Amino acid sequence: MTPFLLYALAGAALCSIGLFGFILISHLLRKLLAFNLMGSGVFLVMVGLAQHRSGPDPVPQALVLTGIVVAIAATALAVVLIRRYYHLSGKTSLEDPAQNPPPAPGPRQAREAPHE
Amino acid sequence: MTATALLPVFALMTSLTAAVIIFALPEQKHRLRTFVNLTAAILKLLLVGLMIRGVFQGKAYGIAFPMIPGVEFVLRADALAMLFAGLSAALWLLTTVYSVGYLENSPNRSRFFGFFSLCVASTLGIALAGNLFTFFLFYEMLTLSTYPLVVHRGTEQALRAGRTYIIYTLAGGAVLLFGIASLHVLSGDLPFRPGGHFADMAPDLQMPLTIVFVVLIAGLGVKAAIVPLHGWLPVAMVAPAPVSALLHAVAVVKAGAFGIVRVVFEIYGLETAGALGLLSGLAAIAAFTILYGSVMALYQSDLKRRLAFSTVSQVSYIILGLCLAGPVGVAGGLVHLVHQGVMKITLFFCAGNYAETLGLHRIDELDGAGRRMPGTSVAFTLAAFGMIGTPPLAGFITKWTMGTGALAAGMDWVIAVLVVSSLLNAAYFLPVLRRIWFGEQKDPWREERQWGRSETSAWLLWPPLVTAGFLLLAGLLASAPFSPLGWVELIITREVNL
Amino acid sequence: MTLWLMAGLLFTPLAWAVLTLLTGFRRGRAITWLGIVIQVLVSLALWAVVAAEGGFQYPLGGWQAPLGIELRMDGLAVTFVLLTALVAAASGLHAGFYLDPDKDWHRYFWPLFWFLWAGLNVVWLGNDLFNLYVGLELISLAAVGLVALGGQSEALRAAIRYLMAALLGSLAYLLGVALFYGQFGSLSLSGIASALNQDIAVEGSGFALILMFFGLALKTALFPMHRWLPPAHGIARSPVSALLSALVVKGSFYIAARLWLELGATLGSLALAQLLGVLGGMAVFWGGWQAFRHSKLKQVVAYSSVAQIGYLFLLFPLTWNTTEAVIIQAQQAMTLQVISHALAKAAMFLSAGNLILSVGSNRLNALAGVSHFLPFSLFSFGLAGVSLMGLPPTGGFAAKWLFLQASLATGQWWWLVVLLGGGLLSAAYVFRVYRASFVEDSDIDHFFHPSRRLEIIPMILALLSLGLGLMAEPVLSVMALAFANGEGT
Amino acid sequence: MITASLLLMTVVLPLGSLLLAFRQRWQKVYLYSLPLLPVPALLAGLNAELQNWLELPWLLLDGTWGLDDLRQSFLLLTSALWATAGIYAIGYLNTRKLRAFCVFWALTLTGNLGLIISVDLASFYSFFALMTFAAYGLVVHEGTAEANRAGRVYLTIAVAGEMALLTGLLMAAQHADSILLTELPGAIANYDRSWLIIGLLVSGFGVKAGLPFLHFWLPLAHPVAPTPASAVLSGAMIKAGLLGWLVTLPIGELSLPGWGNTLVVLGATGAIGGAMLGMMHIRPKTILAYSSISQMGLITLMVGAAMANAAQTATLLTAITLYALHHGLAKGCLFLSTAIKMPAERRSRRLVWLLIGVPGLSLAGLPLTSGAAAKLAMKDALKPEQYDFTLAEHLPLIMSAGAVATMLLIWRFFWALHQSVRTGPNHRCTWLGWLFATGCSLVAVWFLPGVWTHSGQPWFVLTASEGWSLIWPILIATAMSIGWWIARGRKGSGVD
């Protein structure tokens, strides 16, 4: 039971919690947070598992760095989309519009906002 | 690759390029389109004629290149191929002429003629295909290119007919594909070869081969309209007359029959097929189809539907002929490939003329049509008598040859089938003739179109007359060297080698 | 020589992405077309090289793995590179005419387009699992952005849904990567494979494989996980849909296929193989049925993608411990299916776009009487349809034929049902479109003829997918090179 | 050479004449050309050298045409009959549906002549079928409901007959491995299932020959046709069936008593039953039709005998030929006479009645007529002692009964004709045709080959010397009809 394995298990736990949230939560921002949680979980697993060989291993660090960058990019894109979506539809989740009638259009000034 | 090797490709190309050009032409350029059509048709006829001469002198034309790993694309011009190719080339020219007249100032002509050319291209491809795979390739191409022709009118009825047609044919195609694929797994890529490939097969192959044979026949039988796979044929009658003529005489139905010929002769080989006990079963089905089609035809009051059922019955003559498995009987079957084509196309041309000129579709409207349209009616009469098998017309040659073959093969019951079906043919054709010639016209024609002194447009009148002439000559000069019978005997001596 | 080619292949897309980011739509278009020319030439050259000399490894910038990035350039990869070049070029050109320059957000099409292309090339060439991950992410993010270009809220909804699915998928994949690295301390496929060959499979590494397959299947929209695809592909602008259906989904599948071919023999199991195959089969039927039911043209096409992707997954059962010959056959079938589907589907989406442009409606029955006007696009659509139906002589048929051969050879006859039945089902929905266009009752007189430039592009693609069946032999021979010189499978 | 061209012309001329049907306004010309159509056949019959086959290798399945003495006499009879009927038709026909009539006339003519000159099976069957189907056009020409019904019956039975023929010929040809008619009898003779083939052929041709139980169409169809058509139908075409029998059945090859009996029974039934049925009718043409059945019945007797005893074939064939010739011509001119209108003035009317009467009596075998010759020939051909099959000894009885029946029927005909005849002028050609026919039947017949002599002395003399044996049936019949006439209380009698 090395500490590294502990990290790995913690990572796995984070992962599953994140997954749990990612699937169950319908609010988009929280979904996104859940995703980030998962992401960190995965990174933790990566770093943790890689250590059990003799000596520290540079490769996972590099990988995780890259992974974090990718995750940030993804998050950024997601945030932009969600924001835009909210402005257009005034909704914060993805239920089928068929189920609930088309919502009142989002905040007007946001619609006219030139930078959108 | 010499020019002779490419001759089949050129022949194929003529109609393909014609199709492309026609699709590219704007709708209203009628003269130009007609010109393209006719030139292509004539050119093709010439090329095929060249090939026929070459094959007669024993030349071999062909081209082959690998397509998919383990499978070749093979075009080959042997005598059997020429039988079918010659038929389709000759009848294409006539049908083109006819359709030009038939579709005068109707919409979507450019679409029609485009697919029409495609359809003929695939027919030629089927004729020239050198192995089952290539055959299948063109077989499916035919299916696709005929669909637009069937639904050409775009009416609800036409669309429904098209649906039935496509369901039947595609399903049949799938079955056929399965058969071909399994055969391929069993014994690799099989070129068509006289005598077939399984003359000396391993005993453990017998069972799978039998199954595969059944599957293949089932797949091909859809197009050949073998009962109970014939359902699409009568429905497809809503298509314009030239299309029905083509479907019945050359293209679709014949493709199926021709495929069966290829499979029986050049994949399995008559002896093997007989040894596996497959021919007798096939013969039984064919005989049943013959009788069933004729009986059904009796009950049709629509002229084209009656003709359709008569096709169902007539095409199975070809198959029955094969099953006689003797040189003479086989000759009877093969020669019917041509004879039935010529006769049936004549009948459909005439039916189309009645519909176009006088607006007659039902048989009981035909009273006295003979006096109004003598030319058409003479053609119709000749063809009808040919179907009945009256000498000296083409149909008689078929029946006589098949009959002799049946006796030679000791399958006397076939004679009974022939006689009964001839009686039935007489029973459903003679009344029509009686109405045409001896019926007193009761009420004015439905929608009559005047063409001055002539009974109908020359475009419509001449094709049936010419084909009627063919079927008369095919019977009268049956012993001449280049008559269908003569050619078939050449095939048999050369390729079927019985 | 190859150095320059590789450099061109990988860096022009990125460079062009940055360039076009700085310009407006019209200038971006001009720049892009230049880039397209370069890319196509480069890809052709590389293909020629590989065809002549066989595949090779290419350490990027001279740094060796694991820290450096090592690219593998084998026949399969280069074939897909060339395919990408073709389809992307076609979509790019088409988009140039198709997209409305006056909608300012359309300018973002170009950079996203280039990022996508870059990502694809990375995936085709990537040799270690992590690079593949990066490539996947690049693809996903660019694709999502492209979908979002639709503008209205529906598009965004689809985009977000897509994004979520993609993210989940890539995380699952990344987790798998982590586990692998933890076990074998190597990221390169070949490294892991050799490690596996030395000591028997470590328990649990099967789980990693399953995780990765789950992630990739999610991104490839395999049957139960396909829900995100139809809205996204349906709502996106036609050139985008073309790119997505033709290439993007293939990216993730390609990785799955490589994993399976190299690790499957040891880590995989009959159950897994059959499961994937069955899911594929269900995808074929379900997708076909949905396509048959839907009344919106692009929805039909999108669902047909679901169905067509299903065929790809027959690769797994057909390569599970059988003879080398059959494995090759199945791989060839898979490749042909990928190529022909890519070409056909791109042609279909582009021509569908033209048709919608012409009749001004996305509905199927709005096509009534269209065939009056002999629109080129209808023919392109039809030809592509022929390929989807798997009728000769199209590439779709060649693929189906090889699949048939493989499944008969391995005695797994039940896949015949999928192959033949699926073909008939696809015929059913394709013919629904034909039928609609042949209806005569409505005499529409308004028909906007799109410019020939728009119509010729899908036609070319369709003809390519048609000719593929006749040309299958040479294409496959190049593809087989990699298998020949050991590298890869 | 000359033979070849004549034979070809026999078929080509009538077929070529169809070209005249292209223009409505040529129909008169066509009508006037009708008598010329059979001329080549006539010439061929008169001066073609026999047994000289004309090979037509490309025709059908290797055509062979030619004449032997059997065919020659049939050809002469047929062509002569068609020619005279053609002349008659010119006067008889009104302009309505003229073109159609001419076309069917020409076609039927072609068939009828062609089947006589064709030696190979395919062309024989072709011409036979052509004749069968074209004759339908003649039968229904009047277009009346009765005609249509008759036509339907005719066609139904005819098609059935054709099929029987096709089957029989097929089997025969396949067994003979040749399609030369001359080969068939031998082949059939030594074929284990010859009974089947013979049965098919007998019934197939029997339809045409008015064999009992296959005859139903005949009394319906012959009368409704236009008179000249009836003449050829009953005079010539009915003989086509007979010819069919003679050329295909294994006559002279071997003795088949069984078939002999069958045919004799059928023949007797036809000869007597036909006459009896005929007595029921009052329309002259119908009566004549029945008389044809009865006469063919007598011929069938001879055919049966020939089947029964190969040794007698030669004599029987001459007798049959003679009988056929005589009956054809006589029946022809009787039919023609049914449409003759009586001249108003008395003496010439007597003359006409005489001219009508003599052929009638010749049918019954009046001495010095061809009928007498035929009957004598039949008598000594059918001497019972030459045969050993069961019914042989009844033959004389049957023949005498037949003769009586014939005579009765003739009286009935005269009476009916007398009832229905009208007075008025006749078209020139009507006279001409009828006189020609009568001339042939009374005079020309003596100059036909094979008719001239029998065992050294000329028939003409024989008929006189054998007078009594011929006269008594006539007398009996006359007596019976007079009795019947008295019984009916002098209400309208036979001749006045």
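Residue numbering begins at 1 within each chain, and the chains themselves are lettered A, B, C and D in the order written.
The rule we apply is simple: contacts are C-beta pairs under 8 Å (C-beta built on N, C-alpha and C of every residue); 3 or more make two chains touch, one makes a residue touch a chain.
It should be emphasised that the depicted structure is a prediction, and the values quoted were computed from it without experimental measurement.
Colleague: Can you list every chain that touches chain A and also touches chain C?
Modeller: Per touch definition, common to chain A and chain C: zero chains.
Colleague: From chain C, how many touching-chain steps at minimum until you land on chain D?
Modeller: 2
Colleague: Between chain pairs B-D and B-C, which one is joined by a greater number of C-beta pairs in contact?
Modeller: B-C
Colleague: Just by CA atoms, which chain is the most central one?
Modeller: Closest to the centre of all protein C-alpha atoms: chain B.
Colleague: Comparing centres built from CA atoms, which chain ends up most distant from chain A?
Modeller: Relative to chain A, the chain with the farthest C-alpha centre is D.
Colleague: Report, in whole Å, the distance between the mean C-alpha point of chain B and the mean C-alpha point of chain C.
Modeller: Centre separation, chain B to chain C: 43 Å.
Colleague: Distance between chain A and chain D based on Cα centroids, please, to the nearest Å.
Modeller: It comes to 109 Å between the two C-alpha centres.
Colleague: If you average the CA atoms of chain A and of chain B, how many Å lie between those two points?
Modeller: Centre-to-centre distance between chain A and chain B: 66 Å.
Colleague: Classify the chain contact graph as line, ring, star, complete or other.
Modeller: line
Colleague: Let me know each pair of chains that touch one another.
Modeller: All touching pairs, sorted by chain label, are A-C, B-C, B-D.
Colleague: Under the definition above, what is the set of chain B residues touching chain C in their complex?
Modeller: For chain B paired with chain C, touching residues are 23, 27, 65-71, 73, 107-108, 110-111, 136-137, 140-141, 143-144, 147-148, 151-156, 159, 162-163, 166, 170-171, 173-174, 177-178, 181-182, 184-185.
Colleague: Okay, in this complex, where on chain B does chain D touch?
Modeller: So the residues of chain B in touch with chain D come to 385, 389-392, 396-397, 399-400, 403-404, 407-408, 415, 419, 422-423, 426, 430, 434, 437-438, 440, 475-480.
Colleague: What does chain D use to touch chain B in their complex?
Modeller: Within the complex, chain D contacts chain B at residues 57-62, 100, 122-123, 125-126, 129-130, 133, 137, 140, 143, 148, 151, 155, 159-160, 162-163, 166-167, 170-171, 173-175.
Colleague: So in the complex, which bits of chain C are touching chain B?
Modeller: So the residues of chain C touching chain B come out as 329, 332, 369, 371-372, 374, 379, 386, 389, 391-393, 398, 401-402, 404-405, 408-409, 416, 420, 423-424, 427, 431, 434-435, 438-441, 469-470, 472-473, 476.
Colleague: Provide the residue numbers of chain A that touch chain C in the complex, in ascending order.
Modeller: Contacts found on chain A: 8, 15, 19, 22, 28, 31, 35, 38-39, 42, 45-46, 48-50, 52-53, 57-60, 62-63, 66-67, 70, 73-74, 77-78, 81-82, 84-85, 88-89, 94, 97.
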